[in-house]
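One chain, chain A, appears in both complexes that follow, with chain B as partner in the first and chain C in the second.
Up next is the complex of A and B:
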């Protein structure tokens, strides 16, 4: 009897598997080992960032500086519908299938051989969600037979990779309270719980407390949660675990209860240190004069032990942030050769304009160098990693112009959209350089003449973002992390808003709002190739190998935060058209070797 | 008492809400499309803030409630149309609210309302937001405190709150005032509620003896908690942005005629005493808009 039961179970599993397949492409299971080894395996992309460290470096070299000129499109897939706006997604690739997310919380599975759709999932978004900063999604995660992604109504969904059917759906936050979700989830191994799926959170200015949640990927059940703001309790296995920091240590009064620190860009993981690294957003309220103290851990990087959700170390890039230098930028683990030693380092290019190198085992500060020009808010960073603030450049307290008149304006660099915003940089194991997509802009800040908030008279601040130079805002830079030296720079008229990819073939790829996917020489910055996709690019390129050929793909569709904010920058981007598609490229047979 | 609403054209001012109804809702006097559109569609979409008792909120069944909601229903009755309420939270400032709720819509569904309730009537805001029209002030807003007399027998100045806690809804005008007051001396005393209801609970549970907000909100709290011996006080507020301001409605720039028609409804409610009676049902004293 027992044996018969088992046989039946196997048979029904098989039946399900077969029923779900509707194409020659057969999706196979992804193991946690596949994810950890993602960077080394060129045949698939099963993590956001081409490996858990997020280096966005591919060991493939079939495509190189010589044959890149022969790179041509294979197919283009339209997301369709009336919904366009910003497409910031990085696709995943497994066994001939591409999994790609789009604006308005949509996802597609596409047969790479033909460019045909296998399935589409369209999240039904409730009325009453008010995402602050466009309706983007940055990508999915994959494990076993499921793909996972977060939706704008602050939920995480697990879909059957073969059919696109919902397996489970869990709430990350309450969208009615202002929570949202746009980042790619992160899958990490643990001894205690097996693989876990980690998500950050995002939302508006107020009432949001940053948090990292870890869930069981099979069921969606919460395993642990870790708030980023001191004074809040974490949980582990359904019970309270420990408090983050010490209540009121760096926040006066009760503002820590609504403090900010959203982990809206997700995180990375380093298999060596077995730590997950998350960046945290700016504190609330925006007006720093109302919240004396460092306000930990806002505008910081934190390292979390995935076994229990404890914070192992934290590093605050902008303590007492008053400029909206939302420190969420990705922290990329890499081994740094310096003075004959190998240092277990990690690097992050902060919205505040400095490129930080830290010891990734303990968060100790190694170096910080500017990666954009003419920074005004700080004159530098001291030997402990603390900024040397420029007090005259801190935005004033609107209360000090109680007459309700427009106060004096100050000009701060970088602007509030950051020297580098969400768009991920890449680290080349070939050149040991980081390739940073940055923007050279500043902001005018003044105390706003009278405004109203929820029906009541209020004093706020006005901001407007301004280019620093006439001829360009965007700037892709190659930076040597051991010295901070900028090796080369590519200047772009419009602000750069897309991620970077670098390869063992000596190429650096990035897209521009003007619609070009471009490839550069990793050593000289020379532009080797470009292709016009017909709409702006604000996403991260990928490359993989299939049937002996190297492919490149990019999601296109202009949008994101830049067109929402405008200012003088709007003039540079106002003519750009929206869109929504994936483009796939390869070198046609016979041309690869030339 | 006659209460006049500025911004109304002479012709339209003659046209009371009642005569509008009598004219069979297709008066040739109304040339512009928006009122006709609203009437043709049989539905008026009214925006009001969520979590904003006694003006507007949603009860447990999702039904819109409050003073502004009742006024919105009156708009519908006068035009002979159904009313749909669009209830959303406040964005960072009024300019954002006008964009999202009156002229552009939200990012996801692109939805906006025909009329927005509870819009401060301010010339500068009106000029700065050229795609919205602020009109028809119908009420005077003020800032105030409610204090529990058993806990705080006298509150003559805010000095009382250097050592006594005071509740307020986070990131509101009251919070802004308290956070800045006396060079931060009250910072340790502020107990912030994430919503107004949370701040109200801090007061009604007697965890704190005072709450700050709009006067009508304070009167509502007193009305809802008759067991507490409460007093509404307005001590000097040095550095407050404004102690009082008029509240009106807003419509999209191409819907001015709708604004005029709804302004007539407000005038009629004020002149007939219905407005005063409506506010009184929520324990609030109606004050006419003070346009200096």
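Up next is the complex of A and C:
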């Protein structure tokens, strides 16, 4: 007998794709129109942010200021296992099924009527993942018969919504170089390619390069990619397209090659302007003396044309950042009434402490007002939107110190965890206010020399975070975007790390690390209702209508960046216990009208 | 007493689900307490007969409960449509299912055993009848709930899907191919390790026609080893093997089959 021996090294998923199963439209499938109309339809939630603009405003008013006192839990579902840690996810709702993600890249489908599990998917993560700021996930996307989410090893996976089986899985970045992914993907319509699924990337602490990728949701094939850092080339249909910016225009030398600008919080989309808005993270390394210049597009908002991945406009909230003031925070499109005019505006509450309103069609600056107290790094923002830096409040250059090892330490406000971090704010079409989950804290920060090494932290800075006040850190604020006026404030002992939801019923919901889901009066800030969930809340609440009743849900489980990076803040959070559940509430039958 | 009541329950469920026309199950020569449940779950329709033409070759006693070699030879039967293997007392009993559309009714593989267990193999012929054979394998415990050996090495993912394969000849109208692929085949039962296993494999001829398709499940051993006998002509040819795991990783490769001359 003759035998032929062959040794074969086989490529993994990177090189080879599977053709997605072509879906025939059935009633249960989610269409791109459903996603674009998500905000107006109270019966489901098929996007992150309750609509592509991310306003987190529900038109439902069955639940109101009067009957909220009767809101009771229906069921609680445990994520199980030993993998608790931070739960930052916003669930999706479709046809009586909840799709919710959890820590360590897991996902569940749950029957809302019974609270019973339909399926669970656990991503098989490699041992060497490098998430900087806890093993969280912020949510899924849904289109057709598939649900999608990002995993900690920097992949995006498409699952069969009925079974949880993997349909395709694609690589966003090299996890060994520090890439990961935690944000919910964004689905947008295009003329040229049909619906696309957009992702950012994470890893700004490891010297990665921020990028937005657009893929075909059926197959996962890459359609275009857009790096955020000038000098890097984008791609379209498998070929190089255009360079981002102009090489070395705002970056000296070659530091742009590992320049950061991670798009780690994903994006929003406005059907009016047909633009996708992504925020970009801090420049790398943190030590700003190594990279003179504005360092575009780090700590910025960029508007991308989904047809081709070109940047239509950019606005840098913190040029030449030296404090880790990521610019990733969500940019929410809204129509602003000012002086009798309707302005196509967008707003964002930056880590740097200022609340910005921009013209969302062209990125032109409209206003910036502080939303936290005692900001030190800038005295304000000029008429072009550029910060008025306090030069003495930039951490000192280590090269100018006696031994060259540690620059002068300064105390800066806000701290590097930001006046507002990832947790999304809400915009009420009822009150025209933004509801911003913020924190009042500062930091000692100093710079150190650093060189880039693949997969190693790329900071060049030391820091410790400090509360500003003895009695509170967290601060939920109602802000009028046309004036910047703070209408009311709710103070919380521990830092706020969860998203906000507001409704036509006049309610503002958010969770606290102390474990409460709370509801406030949208006009006065009065606390109307609270429920203790048994572990800290660092996620975003949702509400929807099913069988004529209004439901509220929140994911619970303490974690996220605060317990890992919290410095002196540990005093108020170190006793908090981990968890991992989703809670569902409604008003029992007969009590809704009382 | 316990097992009797369990059988009674399963039997009642069977009557209930199939109505009064419930088929007669032959008595199991291996005397497995799980026989009715295995038949109901994995051979749900069609008559069932124990048949000596289904030869299940297995060690009497497993030297290694993580790698128990099993060979199934049903080539004495005509018109085989499907071959299903189950390890009755494993926490996950279903091991693999082969559809040898253009291959001999033959398969070799290795499985993990959680304890001493009967192995049943059902071979379905085109007329819908299940021909069943089996063996009992004595084994030490724990084959399904221990972490894969690969996890002793932190970069095991780097070698995922690496394959050693060869094809030779037994006859001039079939090839004999064996492959061994690096994969942890995690069952999901080891603490903290989610299920992650190779679950689909297909062999195609040089025109892309499917010769054999196999579904693999959690009890298949780490670094799965498979032997199949696809039908091919006497001349040299190239088969294509394509496989996929539960995370959507795809492993495809060509496999040369030598000409039959010189046999």
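Heads up, the rule we're going with is that the second predicted complex is superposed on the first by the 541 of 594 C-alpha atoms of A that agree within 3 Å, B and C clash if a C-alpha of one lies under 4 Å from a C-alpha of the other, contacts with A are read in each partner's own complex, and residues count from 1 in each chain.
We adopt the following convention: a contact is a pair of C-beta atoms (placed from the backbone, for glycine too) under 8 Å apart; a residue touches a chain by one contact, two chains touch by 3 or more.
What you see is a predicted model, and the numbers here were worked out from it, not measured in a lab.
Colleague: Taking the superposition as given, does A:454 touch the first partner, chain B, the second, chain C, both, or neither?
Modeller: A:454 contacts chain B only, not chain C.
Colleague: For A:168, select first, second, both or neither according to whether it touches chain B, chain C, the two together, or no partner.
Modeller: Touch partner of A:168: chain C, not chain B.
Colleague: Which chain, chain B or chain C, ends up touching more residues of chain A in the combined arrangement?
Modeller: Between chain B and chain C, the winner on chain A residue contacts is B.
Colleague: By the touch definition at the top of the document, which applies to A:135: first (chain B), second (chain C), both, or neither?
Modeller: A:135 sits against chain B, while chain C stays out of touch.
Colleague: Pick one for A:397: touches chain B only (first), chain C only (second), both, or neither.
Modeller: After superposing on A, A:397 lies in contact with chain B but is clear of chain C.
Colleague: Between chain B (first) and chain C (second), which does A:152 come into contact with in this model arrangement: first, second, both, or neither?
Modeller: Touch status of A:152: first partner only.
Colleague: Can A:194 be said to touch chain B (first), chain C (second), both, or neither?
Modeller: Touch status of A:194: no partner.
Colleague: Have a look at where A:127 lands relative to chain B and chain C in the superposition and call it first, second, both or neither.
Modeller: In the superposition, A:127 touches chain B and chain C alike.
Colleague: Given the touch rule stated above, what does A:292 touch, chain B (first), chain C (second), both, or neither?
Modeller: first
Colleague: Look at A:81 in the shared chain and tell me whether it touches chain B only, chain C only, both, or neither; answer first, second, both or neither.
Modeller: It touches chain C, and chain B stays clear.
Colleague: Just to be sure I follow: which residues of chain A are touched by chain B in one complex and then by chain C in the other one?
Modeller: 127-128
Colleague: What does chain A use to touch chain B in their complex?
Modeller: Contact set of chain A toward chain B: 85, 104, 125, 127-131, 134-135, 152, 176-178, 204-207, 252-255, 257-258, 284-285, 289-290, 292, 397, 399, 402, 404, 449-460.
Colleague: Spell out the part of chain B that touches chain A in their complex, as residue ranges.
Modeller: 49, 52, 55, 87-95, 100, 106-109, 111, 118-120, 122, 124-125, 141, 143, 170-174, 176, 179-180, 184, 187-192, 194, 214, 239-242, 245, 247
Colleague: What residues of chain C sit close enough to touch chain A in their complex?
Modeller: 154-155, 157, 160-170, 181, 186, 188, 191-192, 194-196, 244, 246-253, 255-258, 262-263
Colleague: What residues of chain A sit close enough to touch chain C in their complex?
Modeller: Where chain A meets chain C, its residues are 1-13, 16-18, 81-83, 122-124, 126-128, 157, 165-169.
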